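Provided herewith is a single structure, encoded as structure tokens, for subsequent inquiry.
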């Protein structure tokens, strides 16, 4: 038998005021959890985009250079590597946003029941949500920053302003993560994720100006592609990467992405409330 | 030991070694056709390892084993064709419907589709799952899952059904439903092997049982035989104020045959429980509560292993 | 083939029956009956890649040289994507689903309590990836033909060749997964598959690499598959292709040997 706790140990506390800035407490859970799992995620968030860059930018880029002497098709980029880097950056920000908004959220609801545990403390739903979303933002931001640094080492980043790309890509990632959280709280079966991935995310990934200009698409598809959040993010990042001067026109895609994050956050909050507080 | 004609399982000096330790340590068994045979013991006693060897799912390390008259080393598929197994963790296909779970299991035995479907219908009734036929297993309660696992083990008309802790984790109502179904099987001549760590279950169900501890058989017989041969007839359970125990034990020395001190109470064994209780009151020490009862398998277990079954 | 499988040194307890293995395939078919949409959606992913890379990126690349011939980029990349699709179709079933059935659902424990043997289970699971792979590869090949990316009737040989690739990756996937004990370990699967997909000559020829790297890539199982399918689709037949076939067959037997040994150890200790 272990020794009994000292007398008075279980006496109720006299003051039980709830803590302040509670979203930070929710965030600290995810930070703590990351200390155990960072190895796996380092590889998938940093190494995989780098491999894409090496294979497509350099390997495939060689074939493109052989064919396109004048670069006219590359929207001002001076090599395929420089053309494709912002595409891969945004595509991987989207992918991380989707991933982080799906499995971990479903796990926190159904398997590890993290959300339930947090809601049994003074935390409210919106604080649980914001803590988790903030964690996802940090994760996307960190991996985008690393990617831009790697791309610079490959020689794909000719401008210092390209650092703004990290900001845009992070907002883009959150524009996917927030509605994904809403969906994850809603669906019953994780098979939905795979189907969504195959029928929505993969086409987005391939046809949103990431690997070839949308101008190469047939007209109806081109119009559709220009409406997608990924295409807006890619186009904005590409113009930033080129180092062109600021223009008001650059604000529109950013506002579009921010609006998506706000709507997504609203949906996520509603969906989580419906799921967790019946 | 020579195998007898009506033996379904015959084992002598049966041993299973994992990484140098004997999980099953040289046991002899003789399980006869048509009986309900129980393995009783705490977790880690070697019950499940023994069952897995009998079910031809784990090769023995040494000793002899015949199941349905055949050696599992060479006749695994042939032996298993006549065995139904209900594993501890059900191992159902959670993505499939209740009905499909039965059908595909029957197909593993090589039964024709038509035959399996017909049999599955009857088994669903038997397991009280007929209205759940198209429900996904994911959505079943623990009791329903266990009943489905039992129904599944019967799809191939086995002569021997092995159940590993059939009622662990079930509520009392669900347990009684399972017991009722097992009685029905027994009445039709199916041989049942059951592991459990519930004494009442063993007393209710088993014709004969063995008590296992640390890989060995420490007691064997019918539940009545075991109780009669191992412990006195009655027990007095006493809860005392802390500190009162030593004095009482000294005072009772001549009145009881045996005393077991447990974490929260003491058990005094003797032929006459009321007499013991009178002796307790005569000492002037007042217990917080007292209970006189008949000895059970629980007491047998305590006497044989010096431990409580469920800790 | 049966003789080879029976000759694998498995000990006296392991038996094999094709009929019993077929019931393992039957279980998977029944399991997917409810998720047929999920099964079918797997066909679209490689199709999207064919359109985006073949047609889209193809506009940026024009024509490429392969084994001394000049072909359109779409015709060049399509067999590579078919090989990748054959790999991807197999790998998910052979890793994630296999792990789920082995460790979480304990499906195989239930199977082994019936007359099924460990070898029946391993062969049955391989057979299922084959059925599924045939579905995807057949569809993809048909679309390649419609797009004009198949240059001769020899391209029909792409189907059995794609089956070899599927089986090879399924066998290796099963073998590796049988050593995994936690979900986290499955993360290494994506980590192995993506470099294979990107660097095994799917998107561009070996001449993009320096000499020593070319030799490394040649050893990759996916490169062997890509080279085989590309030669068949473009009608560049030669006896040397048998080396690719041999490589893949050996991989299948090796994977099968490892997985059935591991299953016996894990499931019937």
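When the chains are written out, they are named A, B and C in that same order, and each has its own residue count from 1.
The working rule: a contact is a pair of C-beta atoms (placed from the backbone, for glycine too) under 8 Å apart; a residue touches a chain by one contact, two chains touch by 3 or more.
Keep in mind it's a predicted model, so treat the numbers as computed, not measured.
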Count how many hops through touching chains it takes, at the least, to reach chain B starting from chain A.
2
Farthest chain from chain A, going by mean C-alpha coordinates, please.
B
Chain centre (avg CA) closest to assembly CA average -> C
What whole-Å value do you get for the distance between chain A and chain B if each is reduced to the mean of its CA atoms?
53
Hey, how far is the Cα centre of chain B from the one of chain C, in Å?
46
Just give me the whole-number Å value for how far the CA centre of chain A lies from that of chain C.
31
Which positions in chain C are in touch with at least two other chains?
35
Residues of chain B touching chain C in their complex?
18, 52, 55, 57-59, 73-74, 76-78, 80-81, 83, 85, 87, 89, 91-97, 100, 103-105, 107-110, 136, 152, 156
Taking the complex as given, what residues does chain A use to touch chain C?
37, 40, 43-44, 47-48, 51-52, 54-56, 58-60, 62-64, 66-68, 73-74, 80, 191, 194-195, 198-199, 202-203, 206-207, 211-212, 216-217
Touching residues of chain C toward chain B in the complex: what are they?
12-13, 15, 17, 19-20, 23, 26-27, 30-31, 33-35, 105-107, 109-117, 267-269
Looking at the complex, which residues from chain C come into contact with chain A?
35, 37-38, 41-42, 44-45, 48-49, 51-53, 56-57, 59-64, 73, 184, 187, 190-191, 194-195, 198-199, 203-204, 208-209
